[in-house]
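Chain naming follows the written order as A, B, C and D, and within any one chain the residues start at number 1.
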C-alpha cells in the first residue's frame, strides 16, 4: 500500500489546519454523530438563511480523515444554497462509496477530490462521511423545525 | 449391521408377549417417564411390602426395545428386595452404557443379557432404560412418601 | 410452488452427487449410504466446504472492526454473502439478520416483543399484554411453538391455534374466529416438516393484514426446497437455517421487513450492535447490526452465501421439480404396501418433498432400525412436532425427506426397506 | 497465571506457524502479514479446519435425533467434543452449554434471570427486582456490560460498577460498599481485552460468596491464553468463545455450575431442549440440553474440540509463557519511544498478552493505517470497551494482541511501525 494515496497533502493540511472549526452561535440546528466502531464523534451546527447555508461550525474528535473531511465540508457548503450543498454532498458520498472506481469532478468537489484514495479503504469511508452525515441530519432538523435555537 | 444382534429372539418374545403389563391396584407409587426424542412413554407403578417389590405394573407406548426391557424388568425385580432390585438395575444400566464392551452376567440379568447388542446403538440405549428409570423414580417416591395410594 | 415447469431440464443427479463427498461412504458393514434425512439437516457440497475453508485460510479476521486489510476482506466477504442470500429469498440485504439457527430467529422476534415492554415509545407496536392473542398452528415445529408459549407466559397474552384436518391440511374453517382484532401475531410454517403440507401463505397473510397482526413465517422447510420470494409473500418476518440448505451449521437467517426491524428493540446485546455505550445507558445501531451482537458466524455466512449460489446455479424450480418426482414415487411405492399409513397429504397438491408414515404393528423406532441396517437413513420420532403427532393419533412416525442429491433408486431402497421391516417383525 | 515455569521448553514457533496457512500470505503489495489482532479473533490451524471438514465429509447428520448410523456418529463427535472442552477448562461436560459466541452465553444468564419472574418456584433464586443490585466493572467488554444494563431495565434492579485506577487495575478500595447484601450478581472479566489486566478472581469470588451473589466470569481473554480451571476458580458461570482460541466461528461456551444450570429456567426455546410438549404447556429437558435449542453448531463443536486438543498439545503454560515474552518485549520496545503512551499496566504482574497504546498527535485510526501499510494488522478503536476508554480519557487506542504463532521479530515490526507512524505524521 501506498500511504500517500490515502493521506494526500490536502488532507493532512486540512487535518492540521481545519477550516471553520469550533462551535458558534447563532445556529438553527445541531447534530451529534458518532462512529460506533472507533468512537470518533462530531457535533455540527448549521445556520440556514433564506435557503442558504450561512454557517457551519463543529467540534469533535477523530482521525485525520474525519477531521479533514469536515473541514473540506465547510469550504464546500457555506455560502451555497442547501440544494447546492446537497448536490455536492451526493457527489462526495458517491465518490466515497465507489470503492476507488469513480473519477471525482474537481469543479464540484474541489479539495474533496483528495479523498478519492480513501474510497479504496472501506473501513475509512465512514470516517470521511461522519461530518457529512452530521450536516445532512442538522439541515433536516432545521427544516423539520425539530430544533431551532 | 446384523439386525439379529439387536433384536434377539428373547427381546422379540417379550415385545410380543409382555410380562406383567397393565396398570394394577394397589400400588404405592407411580412414575411417568418419557423419551423426549421419540415420544416413547411409560407409566409404571410399584407396590413395596416390607422392603420387597411386591408388584410392578405398567403401561405405555414405545418400540420393541423399551417394551421388552420393561417386561424383563418385572421378571427381574418382582419378589426381590428393593436392594436386590437396585443391584440388578445397576448391572443393567452398566451393560447398556458399556457401548457393547461389557460381558453381561446371566446369573444377575437373566433375559436381560439379550440387550447386550442394543448397547452398541447409542440411540437405542435410552429406549432400553426407559422402564428402569420409571422403576427407580417410582421406588424413590414410595420411600420419600411423596405419593402413596 | 412445486409444480414442474414444462421446459425445466431434469437435474443431473449424478453430477450433483459427485459434489457431496459423504455420499460415497458406506454404513453398517458396507451398505451404500441412502441419506433420506435432509429434512433434519442436509449434506454439504465441496463448493460450500471450499468457500468456507478458502475464507479461513486467506481472509480471516474480525468483521466490522479492524482497519487492516484482512479485516476489510473479511467484512467484504461477510456482507457480500448477505447480499447474495438476500437475493436468493427476494429480500434486501439490510432486512436479513444472521442468527445461529432458525430457532434463534423466532426467539429473537418473541423476545424483542417482550422487551418492548421496557423499551421506548418506538417499540410500542410490539407490546403485548393480557387480552392480546398469538395464533399459531397445531402442525408447528417446536421452534415455532414453544417461543410463543413462553412469550405468552412473559406477557400475559393468550396462545390460540389452528387444528389440522384428517388429511393433513390446516383446518381453516374457523379462521375468522381465530384471527380477530385481538390477534397480534400470526406464526405458521410455510411447509410442515412432518406432513409435507405447504400452507396457504397468501390467504393467511390477507387475514392477518385485515386485523393488523404481524405474520411470522417459519421458512425452514421452504427456502431450501422451492423458490421463495419473501417480498412477494409479504410476510413480516421469516426464519430459516443454513444447515438445511446445503450450507453450514451455526447460521440461520431472520428476515424482517425494514420498517419493523428499524422500530424493534434489540434482543441479544453486546459488541457490534451498539451506537453509544455509557455505564449508565446504551443506544443501539441500525438493523441488521442491532440484532447481531458479538462476533458473528463469519465463515458460516460465507459458506451460506456459497450454498445460495450452489442452489441458484441448479435453479430452485428444478430442485422443487426433482423433489416432486421423488415424493410422487415414494407416495406411490409406499401407498401400495398394505399396512403402511401415510401421515400427511397423499396427493401432490401443495406438498413438498418429504413423506412421513407408520407401519402397522412396527414401532417407527424399529422400522428406522431395519432401514438403517439396510443403509437407509431416515428419521423416526415426533420430529419436534409432538402436538401434531398427538393430533394425528400416532406417537411417532418414520420420515423420509428428499433433496437434490437423492435418486429414484433410493426411493426404491426405502420402499423395499419398509417391506423388509414388515417381514422382520412378522406383520407382512 | 502467566509466570514462566522454570522447566517449560519454549515454543517451536516456526512449527506452529506452519500449521496456520493464512500466515504465509502477504498484504498491501507484498508485505508479509504480521497478525497482531488475535484478541479480536485468532487464526485457525489446519488441524481444526481438517477436523471440521472430516466430520462434514464423513459423519454429518443431525445430533441427538436420528437413529441411523450417521446420526450416532455425529452425536458421538458432538458430545465427545464437549467432554474434551470441559477437560480443557476444568469443568464437567454437563456443565458446558454450547452457544454461538461468548456474548450469547452472558445474555443467556441475563435472560434466564428475568425469565425467572414467570417460571416456577425452582427459579426463585434467580429472580431480580427493584432493590437488587448487579455489580460489574468499568473495564468490561460491552458483552459483559450491556446485557446487565438490559437486565436491570427489564427487572428494575440497579447496576453498579468498580472503577479503574490510573495504572489500569480494578479500584478495589470501595469493594465493601459495592458488594453488599443487595448484590445478586457480580460479573467481571478475567482479563481485560484492552488493558491486559488479569483480575483477582479469588478475592472477588470470596467477597461475592459472603453475600450470596452469583459470580459470572467473562473468560474470553483468559481461556485462550493461559491455564484456566473453572472448578478451582469456583465461579458460578463463565463464558468464552471458540474463535479466539484457534477454534471456529459460531461457537462459544457457557459454563454453569451443575446445580445452578439444573434450577435455571430456559432461555432460547424450541426443538431438542424439551421434555414434553403440548399446545398448552411445555416442560424442559435437563441441562445442558435445556439451553441448546434448535440444531446446534455441530461441526463447530467438533472444531472447537480439535482446538482444545491443539492448545493442550502445546500446553497452556507454554502458551502463556510465550505471550509473556512477546508482551514484555512490546512493552519495552514501545516504552522507549517518546510520545507513546501505554494504556494498561506497564509491568508484567497479573497481565496477559496484549498491549494497547496511543501515539501523541496521531489518532489511533491513522496509526493503525500506517501499521497496516507495513503489513502489521492491529486493532484500533475502543475495542468494545467504550466506557473504559472514557475512563482512561482516550477516545480510542491501538491494540496489538499476541498468540502462539507470533514472534519477537513481529514485535519489532510493530515497534518500527509505530516509529514510522510518528515520522509520517510529523510528530517524531
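One rule holds in what follows: a contact is a pair of C-beta atoms (placed from the backbone, for glycine too) under 8 Å apart; a residue touches a chain by one contact, two chains touch by 3 or more.
Quick caveat: nothing in here was measured; it's all calculated off a predicted structure.
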Fill in the blank from the handout: Under the touch definition above, the chains in contact with both chain A and chain D are C
Handout entry: Label of the chain whose CA centroid is most distant from the centroid of chain B
Key = A
Handout entry: For chain A paired with chain B, centre-to-centre distance based on mean C-alpha positions, whole Å
Key = 76
Practice task
Provide the C-alpha centroid distance between chain A and chain C, rounded to the nearest whole angstrom.
Solution key: 45
Problem - Separation of mean Cα positions, chain D and chain C [Å, integer] - result: 31
Practice task
Note the residues in chain C that touch 2 or more other chains, in rising order.
Solution key: 28, 65-67, 69, 71, 274, 276, 365, 369, 372, 380-381, 386
Practice task
Find every residue in chain B that makes contact with two or more other chains and list them.
Solution key: 1, 37, 121, 124
Practice task
Provide the residue numbers of chain C that touch chain A in the complex, in ascending order.
Solution key: 64-67, 69, 71-72, 75-76, 274-276, 285
Fill in the blank from the handout: So, in the complex, the side of chain A touching chain C is made of residues 1, 34, 36-38, 121-124
Handout entry: chain A contact footprint on chain D (complex, rising order)
Key = 28-29, 31, 363-366, 369-370, 372-373, 380-382, 386, 389, 395-396, 424-425
Problem - Residue ranges of chain A touching chain D (in the complex, touch as defined) - result: 1-3, 6-7, 12, 37-41, 61-65, 121, 124, 127
Fill in the blank from the handout: Per the touch rule above, chain D residues touching chain C in the complex are 21-22, 25, 27-28, 33, 35, 37, 40-41, 43-44, 49, 53, 56-58, 60-62, 65-71, 99-104, 106-107, 111, 115, 117-118, 138, 141-147, 149-150, 153-154, 159, 161, 241, 243, 248-252, 266, 268-272, 274, 276-279, 281-282, 293-300, 365, 368-369, 371-372, 376-381, 384, 386-387, 390
